[in-house]
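Chain IDs A, B, C, D, E and F follow the sequence of writing; residue 1 opens each chain.
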């Protein structure tokens, strides 16, 4: 283990901006994509449910 | 034998694939998470500091896997699209459209992390190097595919048009790569070259491989999830969808 | 002989028709009727092979048209809502290139004579852009005069024509049927074709 | 088709061979281009103007201009070719002619080749012919001008062929003009690199044959592949 | 118009003010742009791709690229703006909407301004926003990027305004797409010179204010003059 | 009141008509008839003020239309061979923007109701490109439902409409005449409009 403190870990030997900029954006992208997908899925499902209950009311 | 064929066709239709995908997704998420933690651990705590690049080299643990994925996903996407075009199977085309955004995202991440790496190492965000340039063009090809599909309202047409574009792109990607490489070597002397990176320590290689696995599992999970949403949207008027959303 | 079996057509989320079938023998004409948007044009495009049906088959001389390719395309003449003429070219040039597309060479004098028969004498060398709506339609209809295709598929051919031209067209179609041709037609106007065995197919939602 | 012949009312009308149909299509497109007067001229002028814009944007130093000349000329040729693409099939699509082409007994691939040929004659060839004149503005010498012309002569048909694929795919996709550029420009890059590369290699004394033969290889590949993809694209557009 | 009011069958339908009409037209065009999904995106991509093509044609040396950067970026912006021009009125013309606009009681100039506004929002503004990113590829520094953005912010509305005149004049002239470039590009030259000049002046340490204020003066002039000329052009096209 | 005095029209080298005149009072309809290419469309465009006549004047409420500008444009509704609708927009969006062009705001529900009246219920939100030929014409005709213009100039309004829609349109025009409106029409089909005072003007070459 080459890190002596948390601060050193985040400083990344002076390259903190670049390293955390890379990892941060990657993490963000990999988090946002599934969230957007979840929303998309939920939107379809709710609209389908709404349609379905409308159908049933008509019958 | 015949049993197997029936089996295959059974999962080739959206209506049986939908629940199957639903069951598979959590497993791929779990695998992705495990590999990701392992990869990050190797990347930050096992791998030593690089002699010439200091800590900045740690970007490699996402940069290289992201680059690999962006290229790999394009081929997978084109395969699905080609199958969809020739066999006229809806599911294959849906998989192709489901992969594209994730592939584009990895291409973007490759560019982004590469740029953030280039600034401290080369002193500039960008150079017109063969690999960088062809990665940029790969991103354009992804975006072209997505824009074309988005611009066509009828899904069937969008699938086929996208498939042709993807296939043409697959023929072109190697041509583009080699042309750019040749162009660059003719122009540029020995100024900067990525292949001059230090011979990689074995731990580094492991870290990259594990992270690549994590990204791969992530891609499968996300692609399946997106494919499920696409199935519902496109087939919303069929009976199986009505039961599927119970 | 044209046979349609169990055709179904879906556009977007709308099922236009299903289980539609008919048989058209030489000398027969099929009038497709229905309200606006009932699916007449969609049916005609399916019959031509331009778009695939959702389900069902179309047979020409007993064989499925998917497999016939060329041979079927040689046998079909399709006239759609659009005139398929180029506004910048003259009527004569349009006629000649349309014929060339079907593999037929039309000499200048033959072309002039044909255009005279559709009532465009003296306007052969005017760019089509200057012609009136009905005159444009007549240029498109001139194809009926040289086409060797036995099966005519005509979508609203009478639109924009004046009464004289309407009865002229009815005669042309009649003569085609008399020669053993077939025709599939749509029209919201009354049509008086004397010859051929008429069938009517009403598309209802 | 016995029955069909029996129905030929005009009787005397001659039949055209396959090549005849191809030429008829090409001739019609050329006629259209000439009829829309100044069409040939305007593609040319576009090329000329783009090339002439650069000195205005960059500044007039000749040494600099000579270095960027091959790149600028090739990029301009590429843009000029691309801009004319959206007219390749759009008009035929809008007025129903394309439907008739698909329904025509002649193989669609043939008609497509005829159209691409006409497109090249109208937009590619003039660029090849005017390029030396523009090269002079950038102070290129005689040999380099020759290589420039040769590279454009091989390269512009390639541009037309690849562009046709994009034009077919974006057909009926409204507002497709810019989408078309998005699709085709990445595919144009090898042509650009080898084309401009040939001229640069010649200027720097390295010899242009390598680049030129690669360009020719690409052209051969495209001749084989592009009509197929274009035809498929057109059929999809009409479905 | 008493009689007209008496004939208003719906009775309750509200009337729009002048500004309302302008906004309605602009909103419709924006809606159209959004409907042709990815439309906004594609103009942008075109810009991005053209800018990225130049290094491929010219070669990757950063020192050289830095010198030609302002010129390339401005020429690309100009081409991107110009390419989207032919869609400004063409569709409205083809389907008869333009006839209706000329026949509409609202002043035609107002409708034209609405359309130009929408055009800028769709094609100009995105270019301004993405330009710094592309500048980075050419290794420009922060200050130069700022000046680049500012020059584009003043310059792109100018391009839309001038372009509208050309679009109106070439309307209905078949094959007018390239003719349009022929007409507008010369008019664009002052914008190009001052725009690219501003960035170059900044890079070479001369200060960009002079160029920028000239650009702003041109914009003011165009605001005053272009709608009038466009309106006249439209009326002629329809006559 | 619309008055045309001594109108003449020349297209290219062809004199379409000359010395043409009529007066149209409130409640009156003018049927312009003639063969294809006789000059009906040309006349209607002249009446709208879209193109100038070779000679002669047109007066609206006693004043020449050239000088009226705005005021005349407010009074005229012109429906040509083209539908003047955008294929990418939905029927509802087309309706709303066409209305906005005429300075009229139509709320969503009003728009839906109006489209329902032209028989497009349930298709309000489909891009017009997907509609059938007749349905597109109906979208264009929806303007007749909200327009306050007293003078309707309709070029072949019945084209592509099915029989139900044809008689619906005839009623609409009739109602307009009853309210004191005026109409100038062309049509190659028979038209049965019950109300108003009919005049017929045949253009002969």
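The definition used in the following text is that a residue touches a chain if its C-beta (ideal position, glycine included) is under 8 Å from a C-beta of that chain, and two chains touch if they have at least 3 such contacts.
Here the structure is a predicted model, which is why all the values come from computation and not from measurement.
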Return the chain whose centre of C-alpha atoms lies at maximal distance from the corresponding centre of chain C.
A
If you take the mean of the Cα atoms for each chain, which one ends up farthest from chain B?
F
With a Cα-based fit, what is the angle in degrees between chain C and its identical partner chain F, given to the nearest 5?
180
Could you classify the chain D-chain E contact as same or different, where same means more than half of all interface residue numbers appear on both copies?
same
Between E-F and A-B, which chain pair shares more contacting C-beta pairs?
E-F
Distance from the mean Cα position of chain D to that of chain B, given in whole angstrom:
33
Chain centre separation in whole Å, for chain E relative to chain D (CA means)
27
Centre-to-centre distance between chain E and chain A (centres being mean Cα positions), rounded to whole Å:
37
Determine the centre-to-centre distance between chain A and chain D, using the mean Cα coordinates as centres, and give it in whole Å.
44
Shared-interface residues of chain B (touching two or more other chains) are 140, 143, 147, 151, 180, 183, 236
Multi-chain contact residues (two or more partners), chain A:
none
Of all residues in chain C, the ones touching two or more other chains:
81, 87-88
For chain D, which residues count as touching chain C in their complex?
1, 3-10, 12-16, 20-21, 24-25, 27-28, 31-32, 35-36, 91, 94-97, 99-107, 111, 238-239
The answer for chain A against chain B in the complex is residues 1-3, 9, 12-15, 18-19, 21-23, 25-26, 29-30, 33-34, 37-38, 40-41, 44-45, 48-49, 51-52
Seen from chain E, its contact residues with chain B in the complex are 36-38, 41-42, 45, 49, 52, 55-56, 59-62, 65, 136-137, 139
Chain D-facing residues of chain C, complex
26, 48-52, 70-71, 73-76, 78, 80-89, 93, 97-106, 110, 114, 127, 145-146, 148-150, 176, 179-181
Residue ranges of chain D in contact with chain E within the complex:
33, 36, 38-39, 42-43, 45-46, 49-50, 53-54, 56-59, 64, 67-68, 70-72, 74-75, 78-79, 83-84, 86-87, 173-175, 177-179, 181-182, 185-186, 189, 192-193, 196, 200
